[in-house]
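Letters are used for the chains, namely A, B, C, D, E and F, taken in the order the chains are written, and counting of residues starts over at 1 for each.
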Amino acid sequence: MLIRVINPNTSAAMTAAIGAAAARCAAPGTVIDCVNPTTGPASIEGHHDDALAAVGVIEQVRAGEALGAAGHVIACFGDPGLNAAREVATAPVIGVAEAAMHMATFVATGFSVVTTLERTCIISEHLVHNYGFTRQCRAIRACEIAVLELEDPGSGAYERIEEECRHALREDRSGAIVLGCAGMADLRDRLQGALGVPVIEGVTAAVKLLEGMAALGLRTSKRGDYAAPLPKPYTGWMARFAPGAA
Amino acid sequence: MLIRVINPNTSAAMTAAIGAAAARCAAPGTVIDCVNPTTGPASIEGHHDDALAAVGVIEQVRAGEALGAAGHVIACFGDPGLNAAREVATAPVIGVAEAAMHMATFVATGFSVVTTLERTCIISEHLVHNYGFTRQCRAIRACEIAVLELEDPGSGAYERIEEECRHALREDRSGAIVLGCAGMADLRDRLQGALGVPVIEGVTAAVKLLEGMAALGLRTSKRGDYAAPLPKPYTGWMARFAPGAA
Amino acid sequence: MLIRVINPNTSAAMTAAIGAAAARCAAPGTVIDCVNPTTGPASIEGHHDDALAAVGVIEQVRAGEALGAAGHVIACFGDPGLNAAREVATAPVIGVAEAAMHMATFVATGFSVVTTLERTCIISEHLVHNYGFTRQCRAIRACEIAVLELEDPGSGAYERIEEECRHALREDRSGAIVLGCAGMADLRDRLQGALGVPVIEGVTAAVKLLEGMAALGLRTSKRGDYAAPLPKPYTGWMARFAPGAA
Amino acid sequence: MLIRVINPNTSAAMTAAIGAAAARCAAPGTVIDCVNPTTGPASIEGHHDDALAAVGVIEQVRAGEALGAAGHVIACFGDPGLNAAREVATAPVIGVAEAAMHMATFVATGFSVVTTLERTCIISEHLVHNYGFTRQCRAIRACEIAVLELEDPGSGAYERIEEECRHALREDRSGAIVLGCAGMADLRDRLQGALGVPVIEGVTAAVKLLEGMAALGLRTSKRGDYAAPLPKPYTGWMARFAPGAA
Amino acid sequence: MLIRVINPNTSAAMTAAIGAAAARCAAPGTVIDCVNPTTGPASIEGHHDDALAAVGVIEQVRAGEALGAAGHVIACFGDPGLNAAREVATAPVIGVAEAAMHMATFVATGFSVVTTLERTCIISEHLVHNYGFTRQCRAIRACEIAVLELEDPGSGAYERIEEECRHALREDRSGAIVLGCAGMADLRDRLQGALGVPVIEGVTAAVKLLEGMAALGLRTSKRGDYAAPLPKPYTGWMARFAPGAA
Amino acid sequence: MLIRVINPNTSAAMTAAIGAAAARCAAPGTVIDCVNPTTGPASIEGHHDDALAAVGVIEQVRAGEALGAAGHVIACFGDPGLNAAREVATAPVIGVAEAAMHMATFVATGFSVVTTLERTCIISEHLVHNYGFTRQCRAIRACEIAVLELEDPGSGAYERIEEECRHALREDRSGAIVLGCAGMADLRDRLQGALGVPVIEGVTAAVKLLEGMAALGLRTSKRGDYAAPLPKPYTGWMARFAPGAA
């Protein structure tokens, strides 16, 4: 069973790290194919990066569908392009913010999101509102770490994240931590060990959700809001995205 | 890995049917132990049944913890005793309403719940409100089938449920169906085949969620709201439930 | 006119104190019968205690109905078993959290709940959400006093509660205080005198609401969601709770 | 104990009817003084009537305070001037929409409001939203009866109201009816008898709430949002309303 | 094109200042007529002032309609009488709180309201809730400046407002400031210059909205909730307000 | 003053029609420059079209900024790319759904959206939820007209839209209509004339809002959530979008 994990940014190092985290948690029989778009931002730290990264997500979901993927993970905490991806996929598609937040509600009455830069908090806030978790999400906290710093062992990122998590547990009355960046996937185990509460990370959460959904035969509904895009011409560079194009 | 599936009512036939559905979807290596309480209502069709069934759920979760269960499923669509069960468990506990609703949001923008008696709708409505899915749940529909009729092949229950599902798809702008009773677990495949949209059933959804959470090392948070009950005396018949009692 | 005040925990001293507070506020002609269950937790400080206490509440409401009670008070701030109790009662049933919060909205635009242990706050939060008072309830504050400490004159409980109330008035922009435990019933007058704002306590509030409802002929609706439980067998110890059982 | 019932419109016949309904439900020892403003609209059927009626409400609350009233009822279903009245009162003030809706939540999980003209529904909708009862209020229904028709025995008003109540019970899944006009006070008993569900009427509900609050010593909070109006000049005809004016 | 700007209080100095601010922003061809009621409070700092000021607003909107005004501004941050005014007007009517909040959502994801006295915050909070901006309005902050102090150059009001705005930007994660009093209209430019973020003031915002609506031919809907008040007698001093009166 | 009106789809005929509607309502001194992207979908009728159209919107907003535009209109009812556009702009950016919905709240207590295909309703629903207008938007209705049919005089589109508007007024208790597609801009006057209620169309509404904001000196906040995108490399075809790229 093939699960495509799509890192929506174009940083190969982060793609590798995300893929490794996904592979570590995958069941026997699951093949993780971790990819990133051929074009787009090197990291996603705002609405502009997010909107443009959605193009690459769509590109990769289409490619994954052609390969017969059993599921797709959008491995950026803004879940860029999620609804569009669901239109082009028949396999299920899950965003990592979505996956992590849902999982967190199963182990605690309230969770705190700990993320990178303050300017990304609005995106998380928007997702929380849309997924319905305004009561369960007790705080969204930034560490003021740039996304690509997470890949730099000398950046002190782990220490700053752990410290922010401790603030969250003390001040937010939260019982669990949601890591607010796919780039934090390989910090989860260490953080959970250090903090003694569930630490939920979306890449691994999404992989396990997709494995479960595949076993149940649950795929994206093609009735109504996620029906395939209507065939029509797309002009210029995007002609390749035209629904129904050969 | 042991997953305890608790049918909160005391109908052995339903326990068997639920257990069979759970076992069919379980991964190799998962052992399903489907049980029901030693005391309580024969079916759950209102707040009174629900409140009293919670006692049996707690009893069975405690028993499952003693057996080292890796997870617990509360297999009644009212999720009776869910919060209390999480206080006594260190393994994760998932209710089937919760499991089904969360899963549904991954495959459709909106779902309809199709359940048994109209008088149970208020319980589903309350859960929807508390889980945060007031926007995603577009309708809660009753078929006026008693819970135990579901076990009777001559009751025409399947036909009535399929018909109500068709009403839901036509009238609610929903893309998926959530089955509102654990007793409907073995109807799912047939309904999904007939309807052509995702049909989500909570027992199987919960089993797969728990398998995923076990792989990720996610267990109930013991910090804050789900900490173990404080030790104290319980009088009378319930003395056996006293937290800290040997 | 008989009003049953049910202390859902099994502490006789607290039952006596609650009964005395209820009797002091009762109108001439109202007979207060304050009782506690024959089985269950000695105090209610979490979901587990709450779920198990609901059994005793149902037991006592049934007993009160048999005695022809004109109303029932559930005298624990978690309002355990409220919906179930309404199914078995034709007389009105009111929880003390419910009573106090409603009353508070008549005298102030915003109130703060001051309660016992932090771990009970989630229960209050859940009630606030369900009763519709998320805007009116400006804060839920714990004093870290165990419920049974309230009965101990040497515990300093009064002083800690008054101090927390003063924090609430200063920091929450609240105009009234809601006491978050039935065990605080006999502190109300002293607190209101000291603080100079309305202090609302649920046991007394519920008694007066029930007296008013009796005068108006308002009883629990038996149409729809609070209709009597459907007759069915209950097995084991709970057989006595079977609806329709003789 | 004096309770002032203020009919915010200037129709003496309606004032008499409201006063009679209030007096019938009052406890021994309660004196009902039912009044209407000296100036303002003959009936209240929209925002304009409502805004101007608030002046008379304030006038009468001030007069009642001077008489030492123990409580004030605003006997129009739009609760005109409620917040302003609470600023000028130290006794509690309750609006009849507020009273009826709160009471309804104690006897049913959902209620329907049955009111006069469709154009008044927006006012009820606004109150429902502000009081927090968007879930409990399942519908607001108009009978297209003008307020003053209610006083006309030949208008067929009773029959049309009963019919609309029956529609509500059938179609809204409601367990109780809230009457949406103070002019319906004397229809309550007949309707409750005919319909077999609780029918809640605000004038009588408010009187009983105020009697209860008086017994508990609960008065309008003078801290914060309902503090007395700041002294200042008012010009022209309204000079009489200047806070602090002799 | 005539735009009536109505200062709902009766302070001529504030009327002049508001009128000047409105005139400065008006397009060529717009005539600003800034007026205040003939009767009512000298300033509006609570519900009582607000309710009584609504009478003068209605008086002035009627007068403006008779003059053929193309739009009406209610120049007090509580938007007193807004719904009533829309019933009597066919031209559009806009409140300054409404205008400022809407405009703020176009330039920032979140704004803070900076207003006068803490006791007015509840009015803003109520408006935010009703206009739908609970997510966009991140805080409502008072400077403890009385409304009429704003007209006194020696009061230090500007400095205190600027300081509170700086607190808002630092602590609320807001991107824009909404000034919470029509009396602050002439401080906007200075504040925006000093703070470097959009500062939105409602009088000027409302004038520009009305100019735009006039160009588009958008007028108050006379169907449904804002239909003209029903003809009926008003007694006493308010007889002049009777709908349909000559 | 230059206002860029961006038709996010690539249909030149629709661009021309939108531009003409914008020009007709523009003030003297406003220059309307109506453009469409160089690449993207021919019409926008779902999430996939919407996500890919966002790229073209960003492209055109950047181009408009370089030309010194005083404001940007995103002329598609899904407001594609709105938040991203605000990051790259210092001039204000307004989406037509946003503009129309805000304007509608000034003239009616409730409005109905009348749009093209049912499958686009979910996008409108999402915007309503995010803009805060869940109470004011009483219904979203589809006419099952494809976007490009609107440009075809023989399609009968006008008649079907008018009919759906009449349904809305009868059944939704709405006082105004919001047209749910920029392609309906030139039908507004005819519809408003026929229906006798305000009909709000977003292209023209947005132009007037931007003219007003320009006069007030209101521009997109560059503090916080809409700060300029962080400089970073973009790979491949999108390198041209890299923030900070020359």
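Brief remarks follow.
Everything below uses one rule, namely that a contact is a pair of C-beta atoms (placed from the backbone, for glycine too) under 8 Å apart; a residue touches a chain by one contact, two chains touch by 3 or more.
For reference, the UniProt names are A, B, C, D, E, F = Hydantoin racemase.
The model shown is predicted, which means the values in this text are computed figures rather than measured ones.
The chains that touch chain B as well as chain E are A, C, D, F. Using mean Cα coordinates as chain centres, the one most removed from chain B is E. When every chain is reduced to the mean of its CA atoms, the largest separation from chain A belongs to D.
Chain centres here are Cα averages; for chain C and chain D they lie 28 Å apart.
Here the CA centre of chain B is 44 Å from the CA centre of chain D.
The set of chain F residues that touch two or more partner chains comprises 83, 109-110, 118, 122, 129, 135, 173, 224-226. Checking each pair of chains for touch leaves A-B, A-C, A-E, A-F, B-C, B-D, B-F, C-D, C-E, D-E, D-F, E-F. Against chain A, in their complex, chain E makes its touches with residues 109-110, 135, 173. Interface residues of chain F, counted against chain B in their complex, comprise 118, 121-122, 129. For chain B in complex with chain C, the residues that touch the partner chain are 10, 37-43, 45-52, 54-55, 58, 81, 83-84, 86-88, 118-119, 122, 126, 129-130, 146, 224-227, 229-230, 232-239, 241-243.
Those residues of chain A that touch chain B in the complex are listed here as 25, 27, 83, 92, 94, 98, 102-103, 105-110, 131-136, 169, 173-176, 189, 192, 196-198, 200, 204-205, 208-209, 211-213, 215-226.
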